[in-house]
Amino acid sequence: MLEQLKDEVYKANLDLVKHGLVIFTWGNASAIDREKGLFVIKPSGVDYEMMKASDMVVCDMDGNVVEGSLKPSSDMPTHLHLYQNFKEIGGVIHTHSTNATAWAQAGVGIPNIGTTHADYFANEIPCTRQMNEDEIFGAYEKDTGKVIVECFDGKNPNEIPGVLVHNHGPFSWGKDVHDAVHNAVVMEQVAKMAFISFAVNPDLQMNPHLIKKHYERKHGKNAYYGQ
Amino acid sequence: MLEQLKDEVYKANLDLVKHGLVIFTWGNASAIDREKGLFVIKPSGVDYEMMKASDMVVCDMDGNVVEGSLKPSSDMPTHLHLYQNFKEIGGVIHTHSTNATAWAQAGVGIPNIGTTHADYFANEIPCTRQMNEDEIFGAYEKDTGKVIVECFDGKNPNEIPGVLVHNHGPFSWGKDVHDAVHNAVVMEQVAKMAFISFAVNPDLQMNPHLIKKHYERKHGKNAYYGQ
Amino acid sequence: MLEQLKDEVYKANLDLVKHGLVIFTWGNASAIDREKGLFVIKPSGVDYEMMKASDMVVCDMDGNVVEGSLKPSSDMPTHLHLYQNFKEIGGVIHTHSTNATAWAQAGVGIPNIGTTHADYFANEIPCTRQMNEDEIFGAYEKDTGKVIVECFDGKNPNEIPGVLVHNHGPFSWGKDVHDAVHNAVVMEQVAKMAFISFAVNPDLQMNPHLIKKHYERKHGKNAYYGQ
Amino acid sequence: MLEQLKDEVYKANLDLVKHGLVIFTWGNASAIDREKGLFVIKPSGVDYEMMKASDMVVCDMDGNVVEGSLKPSSDMPTHLHLYQNFKEIGGVIHTHSTNATAWAQAGVGIPNIGTTHADYFANEIPCTRQMNEDEIFGAYEKDTGKVIVECFDGKNPNEIPGVLVHNHGPFSWGKDVHDAVHNAVVMEQVAKMAFISFAVNPDLQMNPHLIKKHYERKHGKNAYYGQ
């Protein structure tokens, strides 16, 4: 079932490697079929070189495995919680990409300080609060999803398609899994550039008009960027 | 028309990828035929892997598309304004290359602190002022060109073939588009090295005689560098 | 003798190059056969491109060469001392990988500030004390092993499978040499990310519960990460 | 004439590219035949992709071209001055490699803070004084050689096979041109690591005994490192 979606998720996982975001098995991709109420996710701990599209695991909206002989990624409950709460997203990515993870470890959001950032994220990429002991030793992966959703209280996940989980690393999403990969690449790049920018000038100032303009040039009703 | 120039612009776009200056479609190259009063520019938002030389778009000096079935790069009015005001340049490049963009985000010019820089840029690579609300929500791309030209008041664009647009990224130019690519590569490299140099020694001092010497060794009337 | 182990050690040496941890001949791998009381180690100063599995050198637990026409790596006595004192390890790696070596030069351990680190190392990756004159001009390589073992007084080498030797570089180990390579890659990556994290936020705080959780999710009795 | 030496110099130039030390034509290699009193150097400004071994230029000890249809590298007088004053060196390399150039721009020597450095350089890699106006606008390239030699007053160039020219970049040398390339790679790597080490711990302390030990382990009378 969902053979095409499995293929998309499989390719998204390989794209993470191609873009240099993943070492070993440190990443996972998923995509949802909203009509069927099922999502497809990478299996846990399988080498990318060995992995086949048919290894992808199909889960339902209660987190049960519906098809697949391998265990789903241990981060599956986080993906599920995001699909349940961010109603318009079609794909989710988690990586430990170098610079985005470094910002997550630093425990601060990536400020929107340039048009590269503003082209894809309408504001700062936020960093969640630290999780507490109960969350960590309870339903950890599900609660990771909960702190992400809590962090987006008052924010639009469609306009800020990514987050840093405190002391952990980045999650991103998009209208489909291909778009989610794209946003994961952008997060890593803006994290890298922001590190250098603040080293060069700790007192730098972003132009707020530029954020609005660039985001709307690509994403607003009157978007005119691209074909 | 202008098949050879299209080919040059097409190859320049691919060279940006080859030199690691461009992720996804974040860059564009153009070249002008001064006699015909026409310039050739990359189409907007087309994947580099799909792109063909025949996809390049021909525009006139009013910014009208003269040939080509695709939309020109949305930065076309910036390129046009540079051709109109910097009378001797033959090619223009825009990228979001990592280190040059990081300096643009920092909002400060790249100081001329070494012979690598001085071999190509007779002085600091300046950073424009921030654009105001009217410019950003008015003729944004054309006004980007205007703040660049304003920034070069009293400076010679032939001797400083590049600029950082505040909170945005680098533009470079040259006698032709190949030369403009070359200068884009140099900007990225001197931006990278300057970041490290100032981290190592915030009080570093450039030798002003060395700037003059190295620039003139390659570019002055008595140049003797190269064949 | 030990042809399979030689092959594993040979491949581990090549993996160090593949993962970008080694320049020239700056690294070495070994693996032990605990039953036979013999270990296999890379020969000294041989180019990786020339090296064959049959060049690997077999040594006994007194450090004598039992088989092989080439000299063992000059770091052999360090490897031997680790095998003698860390009873459960099966492989040892030494590299001068960029970021881990930079932390070793800085003389400080790599703090456990994220889940990437906590997935593999239950705590800080410690840095040894500086060696004294007698140790350095005496049995230097053996005493390098001694300061590592001294540094692990009160620590469990199975839970912290790596160390920084002060002003020198990283050693890592694992249940076999493949696992030791894996840990060497992780050390380099967490060293790189920690450098950026502290640059972004010198006052960052790790969540201690997260360390426990992530380490135990992969390594504890109730591990559920991976297939 | 000197066909074998031309081939060595040609290959050394390509090795600089392979090791990532050279962008465009920003580097040059030379080697000397002390018996014949002739040295072979890369031609000026020729693309590495086009270059052939037969393009190498042969010069005598007065700096005259003895064979070759192309102009020698404009840095030829620097190479010549080093051969005249450092009597035991057989090859010279100049690059603008990223991190070594960044330290040269910073105007400070690279401190010997680790065994990677100490394995090849018996002490700090020094940075020359700034050149004065007369030197820069007089016999600039020859005087570049002079400030290097002046900088080595009281130092042994065989034990410190490299230098940073202030605001410019690194020169290295060795017993032959292959060895000089090796030292250029080491300089770049120790420059990169030292940048990170000081960022991590500005108050780091090197162990002086370790410098002596590691240098002598590879280079002293009783060297025992390597085959």
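Observations on the structure shown:
Going by the order they are written in, the chains are A, B, C and D; count residues from 1 in each one.
Keep in mind that, in the parts below, contacts are C-beta pairs under 8 Å (C-beta built on N, C-alpha and C of every residue); 3 or more make two chains touch, one makes a residue touch a chain.
It should be emphasised that the depicted structure is a prediction, and the values quoted were computed from it without experimental measurement.
Looking at the partners of chain C and chain D together, they share no chain. Residues touching across the chain A and chain C pair largely diverge in numbering: under half of the numbers involved belong to both copies. Its C-alpha atoms superposed on chain C, chain B is turned by 180 degrees; the angle is given in steps of 5.
Centre-to-centre separation of chain A and chain D, using mean CA positions: 46 Å.
Centres computed as Cα averages put chain A at a distance of 33 Å from chain B.
Multi-chain contact residues of chain D, defined as those touching 2 or more other chains: 195, 198-199.
Contact annotation for chain pairs lists A-B, A-C, B-D, C-D, with touch applied as defined. The part of chain A that touches chain C in the complex is made up of residues 23-26, 43-46, 70-71, 74, 96, 98-99, 101-108, 130-133, 136-137, 140, 166-169, 195, 198-199. Listing the residues of chain A that touch chain B in their complex gives 113-116, 182, 185, 189, 192-201, 204-207, 209-210, 212-213, 217, 224-227.
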